[in-house]
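There's a structure below that I have some questions on.
Order as written gives the chain letters A, B, C and D; numbering starts at 1 within each chain.
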Amino acid sequence: MKTTRLEAFSDAVIAIILTIMVLDLKAPHECSPNALLKLLPNFFCYILSFVIIAIYWVNHHHLIHLAQKVDAPVLWANVHLLFWMTLIPWTTAYLGESCAIPLAVALYGIVALACSASFHLLRAAIARHHRADADLVKLHRSIRRKNLMVIVVYAISIPLAWVSVPLALALIALPALLYFLPDRRIEQHHNGQS
Amino acid sequence: MKTTRLEAFSDAVIAIILTIMVLDLKAPHECSPNALLKLLPNFFCYILSFVIIAIYWVNHHHLIHLAQKVDAPVLWANVHLLFWMTLIPWTTAYLGESCAIPLAVALYGIVALACSASFHLLRAAIARHHRADADLVKLHRSIRRKNLMVIVVYAISIPLAWVSVPLALALIALPALLYFLPDRRIEQHHNGQS
Amino acid sequence: MKTTRLEAFSDAVIAIILTIMVLDLKAPHECSPNALLKLLPNFFCYILSFVIIAIYWVNHHHLIHLAQKVDAPVLWANVHLLFWMTLIPWTTAYLGESCAIPLAVALYGIVALACSASFHLLRAAIARHHRADADLVKLHRSIRRKNLMVIVVYAISIPLAWVSVPLALALIALPALLYFLPDRRIEQHHNGQS
Amino acid sequence: MKTTRLEAFSDAVIAIILTIMVLDLKAPHECSPNALLKLLPNFFCYILSFVIIAIYWVNHHHLIHLAQKVDAPVLWANVHLLFWMTLIPWTTAYLGESCAIPLAVALYGIVALACSASFHLLRAAIARHHRADADLVKLHRSIRRKNLMVIVVYAISIPLAWVSVPLALALIALPALLYFLPDRRIEQHHNGQS
């Protein structure tokens, strides 16, 4: 399988995940402004998940671009990442629906943790082919460092949900800021290539 | 990231937005013709949103075609535009559902305004690379003029919703007519290139 | 715009239309076999619509392949066809839901008629560029003949729904058989080219 | 039609099938942990179906790659396979919803059987073009053997549902393990080509 095919399929799945989330932002059946106000938490969850998925899309693209070939470990690590990402619309709907109870926040954190851990596995599966190239080894190290930090942040946010819901949510939103800009080193790597 | 990738992903998201709107046109559970008649406002909202999204698709395609490269500002301006566009199915469902109250019309106008403002930002992010090319500068100026007119029209429609719902809806539908045909200058530019 | 772009976007929309129909085949909440039997009409409607959309996909692909360029009339004729096709999931859900009353059958027929008429307009918009090529003129004439027959069949099925629901449904299913195999002439044309 | 087009369309449909399944994993409206526990069977069905669809995607890709051209039999065999695959989200939702009664398990098995039988037909339609190539004939034989084993396993699982629900489910999950790794011979074939 070529990397372009893997990328096209992953893109399609990520585009659908990104877009079907809005189906859970149900239009209220009453015409009162109050019914709209009740949707505010759902709307904030929607924004958070939209940003997280968009960041995964950008970073997934940069990561797959490093891969020279798609073997079985890369293929299944990618399917594994997509699996956890498809659960984001569900945890988003549950968080919006369920009055921000600790359980909902923790579940959101668990799926976020699983996504970042899957991203780590996918990166590791791709890195196996790059051991000979010193530049790529450095690049992988830089991606891995950022990825591990995110994993730690999500892991802390899960038990924290039972201590303070707003603090746990803030922690979950933190990596989005960290990942917002694609890695300068990856950009340089791509510019050097093209 | 290449412009073709950005375009393919945006196309996928726009295609999904365009198509999932029909899921909110729920089939009535009763068999009476009256149940169908009640769907008429939903159906008109569906047509309006379909046309608006199709117009964005065409103009987005022409705009991205001008970009020579995708840097971080272009990338995130594009994600920002897609974010507001994904809200169109929601405002469409709310407008159809909620008896055309001013609030629903205003919300529809706000999202339409946010989409056209995001389009303006995306155009500006792309224009930064074109300052040296006199032809492209002219082209950007022509796109910007039309875009700003649309922004003004949408901005007026929002408070107008509390004065007259039909007038506000007519104003929201107006830019669709303006944008219906792709810009002659852009077409000429593309024909000159190909 | 290149024909490949128009085709890729149309393909995405058609793929989504084809697949979201299953969301209206709701799983019954009761565990009794009777609840399943009640879904049988929905299931038959699903099969009919799936076949019709698949046929449009194949024929749309062959038609777009004939186009040498995408100008504004071709572009908007294509958007117009997609608009009517997106209504197929809705008429399918309504037909399955609403006890096969004449109104539901007629609505299904109306949308089918609108799709085939839009296909005719799209073909005509593409044909304008082919007046010089005798082979293509013949090919267009053969596509048009079949298309017009289908339009007539659907037009008859609509009033017939109030006379006999099964007869009207049989008429609506008829063109599927007619279109099942792609036109031999088009296939020959493509094989000659490639 | 080129194989790349058939593949792109099939990929889009499979990506949508894979992703819309999560829409049936509805978020519970109550905030109690019990409401979540009730979703556990739905969640297990979701994982099973996700893995099955991902395996079809990988194997479909490898199979289509063998095809040199897409004629009408290959085209319609592919549409036929996609039809049965679109039913997987429905049988998944029904299995999760309906308390694992034998009927739901059997329906899940029937759709799984229909998918693997359609895969067999698609492979046979493609194999017709390969009779002259001894290597490809061997490859087809190896794919067919595995495919027939899966068909037999699914066929047994259907009546078994009325004997033991867990045993039938275990049988349905078995082929996933068998297919998990893409065929070594196919991989060798592709590596030899590229």
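Criterion: contacts are C-beta pairs under 8 Å (C-beta built on N, C-alpha and C of every residue); 3 or more make two chains touch, one makes a residue touch a chain.
Worth saying up front: this structure is predicted, and the values here are computed from it rather than measured.
Comparing the residue numbers each copy contributes, chain C and chain D share less than half of them at their mutual interface. Centre to centre, using the average C-alpha position, chain B and chain D are separated by 38 Å. In terms of their C-alpha centroids, the spacing between chain A and chain B amounts to 27 Å.
Among all residues of chain D, those that touch two or more other chains are 8, 12, 16, 20, 23. Viewed as a contact network, the protein chains form a single closed ring in which every chain touches exactly two others. Remark: chain D residues 1, 5, 8-9, 12-13, 16-17, 20, 23-24, 72, 75-76, 79, 82-83, 86-87, 89-90, 93-94, 97-99, 101, 103-104, 107 touch chain C in the complex.
Contacts from chain B toward chain C in the complex involve residues 7-8, 11-12, 14-16, 18-23, 25-31, 33, 36, 47, 50, 54, 57-58, 61-62, 180-182, 187, 190.
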